[in-house]
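See below for the structure under consideration.
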Amino acid sequence: MRPPWSYAALVTAALMVAAPVHAQSPTADPDEARIEDVITASHILTNEGVLDSFGHVSARSAKNPDHFYMPRAMPPALVSRADIVEVGLDCKPVDPTAPRLNGERYIHCEIYKARADVQSVIHTHDLAVVPFGIAGVPLRPVVAQAGFLPPETPLFEIRDANAADAKRGMLVLDAHLGDALAKTLGQNPVVLMRGHGNAVVGRSVREATVRTIYTHINAQAQSAAMALGRSITALDEAELATNAAENFDADRPWQNYKQRLPAGR
Amino acid sequence: MRPPWSYAALVTAALMVAAPVHAQSPTADPDEARIEDVITASHILTNEGVLDSFGHVSARSAKNPDHFYMPRAMPPALVSRADIVEVGLDCKPVDPTAPRLNGERYIHCEIYKARADVQSVIHTHDLAVVPFGIAGVPLRPVVAQAGFLPPETPLFEIRDANAADAKRGMLVLDAHLGDALAKTLGQNPVVLMRGHGNAVVGRSVREATVRTIYTHINAQAQSAAMALGRSITALDEAELATNAAENFDADRPWQNYKQRLPAGR
Amino acid sequence: MRPPWSYAALVTAALMVAAPVHAQSPTADPDEARIEDVITASHILTNEGVLDSFGHVSARSAKNPDHFYMPRAMPPALVSRADIVEVGLDCKPVDPTAPRLNGERYIHCEIYKARADVQSVIHTHDLAVVPFGIAGVPLRPVVAQAGFLPPETPLFEIRDANAADAKRGMLVLDAHLGDALAKTLGQNPVVLMRGHGNAVVGRSVREATVRTIYTHINAQAQSAAMALGRSITALDEAELATNAAENFDADRPWQNYKQRLPAGR
Amino acid sequence: MRPPWSYAALVTAALMVAAPVHAQSPTADPDEARIEDVITASHILTNEGVLDSFGHVSARSAKNPDHFYMPRAMPPALVSRADIVEVGLDCKPVDPTAPRLNGERYIHCEIYKARADVQSVIHTHDLAVVPFGIAGVPLRPVVAQAGFLPPETPLFEIRDANAADAKRGMLVLDAHLGDALAKTLGQNPVVLMRGHGNAVVGRSVREATVRTIYTHINAQAQSAAMALGRSITALDEAELATNAAENFDADRPWQNYKQRLPAGR
């Protein structure tokens, strides 16, 4: 299979890392580091083929846990610092003159409300995971690097949360639906959304990003395995427990994905 | 999955959009804007992997609804302004000295005749949708962004329209076949063509382009879901109605696809 | 699906074709034009993802129908004029000091012997067609552009041709095996080789090249259709006859594929 | 299918090989040539889409068969000479101040201990082979170029080797597990690892690399064939014996893969 990135860009990036870089000041604003990771993750997840014209990455504020940062409504591939908006847990921008936000920002607000441990939320339309919800087939942890997944990743069926009226749709456009999604997520790292995508959380932007990519890879592996034979072997409880007990080191793949980005990013 | 575009090109394009651009004159010819979108859509749909050496995008004239614009017979990837031909609803070029047109221009003429609401027609050989017609499996709306699709996209079987003689083929090469295709399309946004591709319509070139790409993505998602399990969940009537009631905003993905084009386009 | 080529390269190529080119002299050696097409086809078929480190394109000599031209043993992507060897129908190089030839050149010799109409032979390991021979599933003409294929493309099972001894292998390394392959090809345009690839013939290098690519696309479409449903609709006799009666114009896709090549080729 | 490399880079590389190169001195350190191949193979296998952020290539020392060379813990795409560590068969670096090694280096140590013929070991997470272990479907030699594979490639189930306690995981993190893996490998060229990847060995880095890629291609072909039909034809004993009796020439594909690397590598 073809790697989802430009080798040439990687080489360029490798040459760049050899250049001297001024160390980040210890007094730097901790939120700025998180915002920088939101931007980088938006680019990485596009470059790895997980994000399309839509989808969004956010980070909770380190200074004010009732605030978080996410890009305005725009393609994630093009996000830069000027596009980042500070948002309250009421899903309103802190600055009322802020640019228009994504309609589905309630995914983020409600998960941050429900999960104090979560520092980052990512919403994707990942085409590798979408078929699982459409087919009603449980996503299982089948590859070693996806040991963070539970034995069965929960699936959010928005019909169960929508009122039974003619206006019910597919998108998480209000606090009620965001709350229902957060409830389905529970204490898990990932929740699938039928016919739509998923939401992934982490203790950092980097962890949420690497989890998003390994959920993608795991879904590809399970789909290919089920095409070969219906009976598949997933990681068992002991294997999952061993994986969960280790500190998941997101840094090595994060650095790899970052280096795959074209020069100039 | 890998995104069907060059991230580097996107970055280049992003830098370009920062450059000052002269605003389009309010007195500009409205048909020129449509023609420019026909050219851009030809490039976008090639870049997104939907168009091959064949396939064509057209736009109805804003000034004369009985005329439309389409490229001469050539690969869509290379179309530029000089290749655009003005065609009447009789499928003849307005200028009799115009270069040779695509043999399947009757797809366009007959749909424009039958559907006054249609401002743009796109014909593709999209390999993601072709298998549905070959297998006789209905295309269903399974992803949230393809809510413009009906519960079952109609399939055009050219054998039903061709006379039962030895010369009947696969291509829509005359007005009779174009009319039969338009009748199968009916009031839908998309019609599949067995063993061939599809035709997609829109109220603008941009809408038709974005519909073409989300038909492609929806077909990929349904194929992958059916490989996982035969019982799939499509958007139901309420979900489709909610989607249809909203104004479908084609601009965000259009801008995204456009920015993915390499610099110089 | 992603297009198997670089859009940037295509744009570059498009700009190049705008440059004035000296017309080929009417007194030019006709074999040189064929050799140039062999080189271009080697690059095109690599760029389109059909050829790998192996595989080869040849052309019969226009001046001496008992000779043909093929590259020495090397990756087709890198072939240039200096690598082209003139070979007799005895499968020996005309110049005994010529560089080493491909071991499977007997595919070419024996087909040229058996088929006076054939002007070009292409051998590939195309991963889209290989599964059909392994699974024993007939390749059918399912897309409109592959109407040159017969209702069932013949499959060469080398075990039927190999003597029943311990040294029988998978490769066509002598005249006996080449002759058996040519007999299985018969009057068809394509023969599949189980666990190996195919051989494609044409009345010109360009026709053989375009047939090779549309055999590849047709195989992809049939595989995807059979994953959706086991009952597929192929082109019927009338549709195939209509297609065969038309002169197959290889030039439009050939130009498109050629323009996709990176600048400098 | 799209080739997993940049044609432009290949052309650039082709132009580069035309430049005069100083012949390697006959007195050069033989281990340096092996180390250079480890680095090149790391880049090739990334460029061909077989290696991800993890995975590693090693070579036994020609001077001291109880030592081998492998990169420190880092993404293989970025490995350069300074990252290569000399390791003993006890899996400890010869230089105690060496940078941190990959946790799964025991795959290498134990295979080198068990197999005196092996000069190179490669560990991958190849997504084309992973589904076979998950589904419990045997990998068969189905394409001519994968005739080095046995009739059934052995599968390592780490649960059989792990003690039945709560800490058993998926990774080969100690000598006991490495030894169990080496025993499952036996005298074969490849061993699959359930839910994880594979380990491939060779008499040289180049042979191990080419075997890794053809194992990848063979897995793709078998998966696609089994999607078409459950009954597949693999190479039989005579075909495998013929292939095994020939000296497997890894040089042609190695040169092709190397030339695909972007300029500067």
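A, B, C and D are the chain letters, set down in written order, and residue numbers restart from 1 in every chain.
Here is the rule we go by: contacts are C-beta pairs under 8 Å (C-beta built on N, C-alpha and C of every residue); 3 or more make two chains touch, one makes a residue touch a chain.
The structure presented is a predicted model; accordingly, all values stated were derived computationally and were not measured.
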{"item": "Both-way neighbours, i.e. chains that touch subunit C and touch subunit B", "value": "none"}
{"item": "Longest centre-to-centre distance from subunit C, chain (CA-based)", "value": "A"}
{"item": "Interface sides of subunit A and subunit D: same vs different residues, half threshold", "value": "different"}
{"item": "Rotation angle superposing subunit A onto its copy subunit B by C-alpha atoms, nearest 5 degrees", "value": "90"}
{"item": "Rounded Å distance, subunit C centre to subunit D centre (Cα mean)", "value": "32"}
{"item": "Centroid distance [mean C-alpha coordinates] between subunit D and subunit B, Å", "value": "45"}
{"item": "Sequence positions of subunit B contacting 2 or more other chains", "value": "2, 6, 220, 226-227"}
{"item": "All chain pairs that touch each other", "value": "A-B, A-D, B-C, C-D"}
{"item": "Subunit B to subunit C touching residues, read off their complex", "value": "2, 4-6, 9, 43, 46-47, 49, 52-54, 73-75, 77-78, 125, 127-128, 130-137, 159, 165-171, 194-196, 216, 220, 223, 226-227, 261-262, 264-265"}
{"item": "Subunit B residues within the subunit A interface of the complex", "value": "1-3, 6-8, 10-11, 14-15, 142-145, 147, 217, 220-222, 224-229, 231-236, 238-239, 241-243, 245-246, 252-253, 255-257, 259"}
